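There are two complexes below, and they share chain A, which is joined by chain B in the first and by chain C in the second.
Up next is the complex of A and B:
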């Protein structure tokens, strides 16, 4: 039941997104352009797919038979959904097609024809020469969506398609899975260790396939480290699943009841999704901490994740001061995009919370239905037992069996409701919180800039005063300070702009991811529902046939002889020579 | 004020098989009005019997009138050997009314559409309860009319014909209290009488069977009701999910918007299916069990009356013996004993007939309903499958 999020590389701002703002930036500010493209070359090798083998082969069939570097991504998993993955490739391409102009369809046609030739090249270029690929991508960068028109320059469409394919192919280059939860230790010091397996073809990792054992606090520790470092850049850092004292205590104490099993499974799936999101984020994957987390055999215990530690308290204090800060700052928003987006994010979070509550209630009601059905089935079986009319007695027990099977179906429905739908919503509520954190980072950067500016102002005033008071030595110092602060102001301003751009980019990428994720999860959920309805249909049909067979022979009430439930028809007929009272029609 | 029509009633008739096939006396309830707490039924009779003044007539009746009729029949000595059809239960609009109340309170938190949908759902539920109560009353009358002996009862005819208010005939407070007291005596008696030795194998078996069956069916009815209610809750949840998805989609500007809208649409359609599953299960399963639970209670009452008669007979025997010993009042005692025996025999004979036909009736009704329920569930499952498949197609092709 691992929900996976297939991450694409961030769309080339000019090609995929028709965001005018981004296009401008890519064109106007070459600095930023460089950043994007330099990191893009990393992107091309970064993408992950948590999809098992099936997807690989499908991809190859679609793109180019066999040219695709096939990483047999068959990592063992608790539950695999081979069916679902066939959506991804069509999604990938269909989404990119949609984003582009209408003529993309034609381009795609070209694309599939030239596949075989293109890909051979693509492979070679990527693995050997990163800068080369980035150089090749550059010309495609400044192109706008309109570049999708089948221009006479054969190179242009093909290179763009090449890029798409590279991205698609590279999206399967790092694959992470979290499996095998095992309880280690005893009593209150026990913990659950998970196996984190990675498959990759990226050169930056030491080997192609490796796995380590990690515990929950390790995951939290990773998050802490990442947020400290990356938050300054405005990245959206996926948040890990929440701590749960109650759940963990039950597991520690060793209770093997279904709720703790469910708890562990839920946590495992959540951790897997968390890691997949981290690894699919291009800049996060570059972070040495992430690499260390995936590779290193023994990780130092992340003690500052414990709730009652010193670090924990520090975090709480920080959060409080941040909240106060937010209330007091009134940012001068030059770009309404941010304000609008922030509002959108907040609204969405609220709606998702509401939806989550309703879905939770659905899960509860289904579980209740489960319980009620089981109880009813038993009661009906007992009724069938005490029924003296054989045919009816059999019919009743048949019905009881059908109801029993329905209970199982309902059980599965509840599980899928929960693990697919509710968890998806929960994840995104937390992620939206992270997005808001991003916006906060930007605001803090603005704050720093403003403060630096005001300090500069003060220094200038001080200098003016000194000038007027004519103290040359102090004047020199003042001038130095002014230069220093001027530099700082410029830097902070650049920081602010850069964060702004990163945030923008991140948010757009996030939205795209979210759309895809939702779509694939919804389809998965609906397919699970479909399957259970089909099974229900089948069970009802067989149940009905059984019922009809059961009661088809006119039941002659057997007054004088009691039969055990399993009596045969024959016995009933031979022994019932007695007067048959008319059975009312 | 709500009323129902002929067609929907036909489909609803489920718990008892066709009773209205004796053309000499046809009864139905074509119309009913619901005013606040009271339900006014229009009882329509078509008859070829000469004992009635007109061949075709209608009268308005209230629930209490039905109860009066039932009670008078029960109290009639002559019918002691018959299974008197159980009285229809009082119309119970509490559940939908409570929900309506809660809905009104929570109105502020929902969107307008959600509120309208919930309201519609509640109105449908209200209507379902209403239909059920009409059906139950109708079946009561029809069973009376198809019974060879009870259909000739004078009180029954008055009930059908008397076009003025029957309220003068209803129980006043004293009678109600008397009735209550009688019930208590009866249950005490039942305990005493269960100790009486049964002479007839048939009745012995029936007694054991009915007692056992009654407790089991009571249990099943309660559990079935809970199950149906859980189904209903799920259907309601679907409404909320659909509405929230709608508002999410309204605010969403990204590619997600269409997906969310489609999903919201799907849930809206699914909830109708789920709601129908719940109500079908309710009618075919829960109502069936509930009806037969009451019917078995009526059969038990018959057994009780017979046991009472047997106890009387035995007492009269003892009295006769005592009289013989004392050589006094012998003819009276003999007469008394003869009467008791006569009564007992009559009861036994008609009781046997009644119980046998009851059995047959029950089996057939169960069969009919179970099969119908299975068919309906198959239909609904097919519906769901189609809906889900359609939605998945749409989403994938997007």
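Up next is the complex of A and C:
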């Protein structure tokens, strides 16, 4: 791929209204204002709605805060009130409106704090109507341990419905697209750079529409950073597409053949889906790394991406799972929800794998059909050429042409099958791996907590011994240690609970997204199929018309004319509407 | 094939276009075909059952009509290869399209054969045809004596004769043309067979996918799980209909263009054989002429006799051959066009049907919560 090519996603029918969080691509070209996304901005109206003066303050605060790199959303600021993190300013404003004075007052009051808190509050939806909810999601980024005043009392068990309701309120206004893969450089150092375009109305970004160029290792680097940070939180982090040495080498070597073109296109589509999943995740979107990835002009080269090569991702997850399974302390699961869910996740992964295999074979057959149809078309063309009878020859040649077009049709259908289903299934198999990882995180948290407890126990025993042995200086130290460990135990316990919450919420969200995702992909597939059937229909009717024309105007080879016929032959010809009388020798 | 005008007195007591091979019965390894034809007198039908050996018997009788002048100039309607119940891969390959499907294409091919024989001006006069179509007893199974109508492929030395230059431009052209066409048609038929085979594979794979999707359906009251299960079930239905679509596409392909190409291909072979016979006769004639010239006075008269006989024969053959070729060319063009048109029609129908079905599925999906 020496030249830059305008890579559009596979030729699906005209972009339709997409669900929030999943977007279609129209033509992606320039960076400036040109709208490359399907318009899905029904949120913009909410922004315009009048707000208490809190809005103004918030906006300016954001702009002058300018700390897009730092963590905009800090951990709970010790507010005994349950907080809910959302990045949707429109929600904020609508909430402010309906929650009336109390909310507004709070919001305003808080604004006088320092920048960090300002940012934090801007994102807070003070849902006074949900006093019971404590679905707290730990945001990404460095924890402000100092401001973290635990309030275990606020951590009440949330009913599943409340969690689900809150899920439903999450809505997003960020669209990303990955387009224009371009080969940069030459030889083995070459790589493919993609244009990542973002369109957003979220104030936390510097502008509304912008784009940057990124290469594949940048995407992997993003994943690395996110997984390191989020590993303690139990979020489901979408996994990136896999490295492929074979595929990339072909591209590097500069071959323009259809398979490397296809490879780049697959990768581009996979990267786009990956980014879309990342930005549609409410807490991941808050992560400064994500924003840096989307906005910053030049990203430092990501290293340590070797681990994610080949089938590396799933191997990694499986290794981690094994480690967890080898834990000596088995967890006493008080909440069967987790056990059941985990089992479900594993089952689902198996099923999807089976489906993936079947889809793969289907795709191969389709490709085979393309090849066969092409060969047949050629043989028909040859037959048409050797055919004496001009009408039949024409008919056959036209038919050969039609067949050739059908080959293209079949190719499109094969591509359609592949892009939609195989990739979808592959994505979800990896995602389910990530879900499993998330469950593992929770296990680890539990383990940590248990270990801390046992350490605390040991310390207490040590203290008792010291008491008995009456060594005051060591006693003091022991007491300090005990206090420290007590704190740790409490913290770890809270961590564990928190992770549990997060995991539950994440899994619910995942399932919703999954159902939506599958449904929309299937609709796309059906539409594509419909279109191709209609085109086939059209081509067949043109083909048929041509053939019928040929039948009517049946030309007769000239040398028939030279020979005398028997009488019944004459009559037969005349019966078919051709006059022979002039022709009799 | 085209209808022959009924003026030519036909020995047959049935309507030649009414001949149908309606059924095939499997009894262990033997296949029996039921042939139905309408009586000319309008009083009913003939039902007869025949095995493949009976067909061969008929063909042998047609071949061995030595008393009919110029019989060697006839393009004999080709009989399909012998079908086997548990077919070896070689015989499947040989049968080509006729091996696909549940004997239906094969029956159609046999039907075509019988119709062509019955409508043939010369061949239909043979009593064997009448016996074959109307006698309730199986026709005799005794092997008819070997005749010169052996397949081309047998004699290697005969192959040299095939290249023998013709005295008549018409025939030379026809021979050259036939050579090219035979090759092309065979190739086209083979490639089309590949296409159909792949289509059938796709249909099977779709069926697998559809079944596998059913495994993803899980019970439970969780709304998201239910949503996903519904999606899976619906998708499974979609793929069922894709499978049906593919199957009928493959079927249509076989029944229209597939059969057409197959028949065309076999007929080209038959024409080639006829031309070869004539060429052999030509060689014989030329030899006879040379012998007659070179003959010593003692043998001269005899040689002249031989020469005259050969000349007459050759002329008869050529006369019949010309007629046959013309008839053949007309008939074959029409047959191919018929096949192509019905192929397109069937494709149109199937495409429309499946477009409708996809539309329905699409609506269902869109309407899903």
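By definition in this document, the second predicted complex is superposed on the first by the 353 of 585 C-alpha atoms of A that agree within 3 Å, B and C clash if a C-alpha of one lies under 4 Å from a C-alpha of the other, contacts with A are read in each partner's own complex, and residues count from 1 in each chain.
The rule is simple: a contact is a pair of C-beta atoms (placed from the backbone, for glycine too) under 8 Å apart; a residue touches a chain by one contact, two chains touch by 3 or more.
Worth saying up front: this structure is predicted, and the values here are computed from it rather than measured.
Q: Of the partners chain B and chain C, which touch A:301 in the superposed model: first, second, both, neither?
A: neither
Q: Should A:376 be classified as contacting the first partner (chain B), the second (chain C), both, or neither?
A: So A:376 meets both chain B and chain C here.
Q: Should A:243 be classified as contacting the first partner (chain B), the second (chain C), both, or neither?
A: Touch status of A:243: no partner.
Q: Looking at the overlay, does A:362 come into contact with chain B only (first), chain C only (second), both, or neither?
A: both
Q: According to the stated criteria, A:388 is in contact with first (chain B), second (chain C), both, or neither; which is it?
A: both
Q: Could you look at A:527 and tell me whether it touches chain B, chain C, both or neither (first, second, both, neither)?
A: both
Q: Could you pull out which residues of chain A sit against chain B in one structure and against chain C in the other?
A: Common interface on chain A, chain B vs chain C: 344, 348, 351-352, 354-355, 358-359, 361-362, 365-366, 368-369, 372-373, 375-376, 379-380, 382-383, 386-389, 391-392, 395-396, 399, 511-512, 514-515, 518-519, 522-523, 526-527, 529-530, 533-534, 536-537, 540-541, 543-544, 547-548, 551, 557, 559-560, 562.
Q: Could you pull out which chain C residues touch chain A in their complex?
A: 2, 4-5, 7-8, 170, 173, 177, 180-181, 184-185, 187-188, 190-192, 194-195, 198-199, 201-202, 205-206, 208-209, 212-213, 215-216, 218, 222, 224-225, 227-228, 231, 234-235, 238, 242, 322-323, 326-327, 329, 333, 336-337, 340-341, 344-345, 347-348, 351-352, 354-355, 358-359, 361-362, 365-366, 368
Q: Can you tell me which positions in chain A touch chain C when the two form their complex?
A: On the chain A side, the touching residues are 344, 348, 351-352, 354-355, 358-359, 361-362, 365-366, 368-369, 372-373, 375-376, 378-380, 382-383, 386-389, 391-392, 395-396, 399, 508, 511-512, 514-515, 518-519, 522-523, 526-527, 529-530, 533-534, 536-537, 540-541, 543-544, 547-548, 550-551, 554, 557, 559-560, 562-563, 565-566, 568-569, 571-572.
Q: If we count contacts the way the header does, which residues on chain A are in touch with chain B in the complex?
A: 87, 90, 94-95, 98, 344, 347-348, 351-352, 354-355, 358-359, 361-362, 365-366, 368-369, 372-373, 375-376, 379-380, 382-383, 386-389, 391-392, 395-396, 399, 511-512, 514-515, 518-519, 522-523, 526-527, 529-530, 533-534, 536-537, 540-541, 543-544, 547-548, 551, 555, 557, 559-560, 562, 581-585
Q: Contact residues on chain B for chain A in the complex?
A: Against chain A, chain B makes touches at 17, 201-202, 205, 209, 212-213, 216-217, 219-220, 223-224, 226-227, 230-231, 233-234, 237-238, 240-241, 244-245, 247-248, 251-256, 259-260, 263, 266, 353, 356-357, 359-364, 366-367, 370-371, 374-375, 377-378, 381-382, 384-385, 388-389, 391-392, 395-396, 398.
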